[in-house]
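Structures follow.
First subunit A sits with subunit B, and in the next complex the same chain sits with subunit C.
The block that comes next holds the complex of A and B.
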């Protein structure tokens, strides 16, 4: 198990960099994780998606798929890929400190 | 991670439900992982992007041993329709979209959708027969150029 340090706090992450303990996440860590992934600035739209996936995870125990995000987050699929070019479900989950969403769609 | 896949080009050559979905799922899954994807629809695969036909894609109920029922049964009127509806309801539960929605979504992910010119000519179709998301009717040579530097997948 690897660790990463965000905002002065050491957290456990898996091989792909996803938090193993979502409760260790703080909002202040999000911009630092995003920067690591090549997203230099988190706009209000980014935050909307990040909060949405995190809330969804806390409610259901899993991160939403891109299809669900596109239908329910208020951000379209096209826009999601503009915000998170390397895969919205995956990138938003990583920034939001939750596990990688499981599923093929 | 230098050997990770950066780009995939997927050819869809069949017009049945089970012939179309795998390529779409692979394309959508590629984009979800941040992999560039292009789709090339050829032969009966063109039905997947035909704006009228893509709403009526059917499962093959004849000559499909995977269904595990006798071929003569699959030939009865309505069997294909019933099996298709059954499959679609199962897919919906798994959050797999119907083909028209899925293709629109894949286009929105930034994947390219292309029709094979030879097949379009063969079936006497034109641009107007296809969905608006289509990025072009192109030759095999053009598609190979688009595919350059990536992996290819024929379905």
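The block that comes next holds the complex of A and C.
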């Protein structure tokens, strides 16, 4: 298991960089993780999605897929891709310190 | 003197109605509701495009599949009111129930994806997930002489998640038999990060695609279908051109779920307790089959395994007893791999599909192609109409997943009974 250090705190991540323990996440870590992924600034729109994704995870135990985000986060899918160009579900999950969302079977 | 109303008389509704007919006291009333009288054998849709199924033979009257004891109402359900214990229907008075069973399945929503149903729909793009679509695709494949075929799963969840992969395997075999395989490119485009969701199975299915020369495009979230250029465009701007697109549109639950207060989630699937199959909205509403929000496959075999638990729990509820927490997410699916071979996968909530043998006397191989499995897939049609829908148990295949015979990854040793006692 790999580790990464954000905001002076060492956390465990999997080989793709997703947190293995979501409770280790702090808001202050988000901009640092985002920068690593090429997102230089977290705007209020980014935060809206990040908080939504994290709340959903805490509520349901899973990160939402793009389709769920588009339907329920109040941000359209097109806009989501503008905010998180490499894939909103994955990128927002990584920044929000939750495991990678998996499509259901 | 209780009334059980079952909404939907497809696979799950029919088998649960027939189980209850055998189980409940004579003075209880069992009502099954569906909007038409055509019960479609959906697994046959996979074979239809390749001329290997006769569309007329895939459909039988719904009434004929239901026990004489069951009252059949043909009407469209528009709403359930869980607080009033009432089902509302078109051209029929509202029905009061003591227990409702939601068995209204899932439907495909092709207009959710931008452009999909535009002017190339049913000309250059088809879905085999409906009888009309499968029939139209058959006519197109019949005349296909070469070019680029793209099979695209737009989003999960879908019914029978292996069916689109099976389509690729069968397409490969179909064009080989016609000696034009070298003129046809086949590409499988999926939103997942591999051929399938579960890791071991995903890598085996991925290499089967490779062996057959099927190109795999992953993490592709289809944003629109552009028929001007016959191209799939993803939300992040990637493009996959096609001459013929075989599309599996997104699914939702039935329309009335969206109009029933508190019943469904954002996609019209009904939040359901994973073990007892009671709905989260009301203690007297149970859910079975594709209509649930459970992380189990949307497959007929799953509905069959759920049927035992739901029918017992309806009875427990009516008797004021506590519910069985018995469902483990068991699914058992044949994967047709072309040229009269198939694989069998067997899995549940906790255990992904693994290689090994299904514990029958003749040792049906798991996650491995064999002719025996192909015969199993063909026999499934008979089993479906005569055993599964009738609400009978399939001999030797219990509702809980067997762990014996499976080759678990090193370090993970389980006794044959362990799934029964394990918590999720």
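In the analysis below, the second predicted complex is superposed on the first by the 103 of 105 C-alpha atoms of A that agree within 3 Å, B and C clash if a C-alpha of one lies under 4 Å from a C-alpha of the other, contacts with A are read in each partner's own complex, and residues count from 1 in each chain.
Please note the rule applied: a residue touches a chain if its C-beta (ideal position, glycine included) is under 8 Å from a C-beta of that chain, and two chains touch if they have at least 3 such contacts.
Everything numeric here is computed off the predicted structure, so don't read it as measured data.
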First, second, both or neither for A:30, with subunit B first and subunit C second: neither
Which of subunit B and subunit C A:85 touches, first, second, both or neither: both
Which of subunit B and subunit C A:50 touches, first, second, both or neither: neither
Which superposed partner A:72 touches (first subunit B, second subunit C, both, neither): second
Touched partner set for A:102, first subunit B, second subunit C, both or neither: second
Common interface residues of subunit A - those touching subunit B in one complex and subunit C in the other: 65-68, 77-78, 81, 85-87, 103-105
Subunit B - residues contacting subunit A, complex: 25, 28-29, 31-34, 94-97, 105, 108-110
List of subunit A residues in touch with subunit B within their complex: 65-68, 70, 76-78, 81, 85-91, 103-105
Subunit C-touching residues of subunit A, taken from the complex the two chains share: 65-68, 71-72, 77-78, 80-81, 85-87, 102-105
Complex contact set, residues of subunit C against subunit A: 155-157, 161, 191-192, 197-198, 219, 221, 223, 235-236, 250, 266-267, 295-297
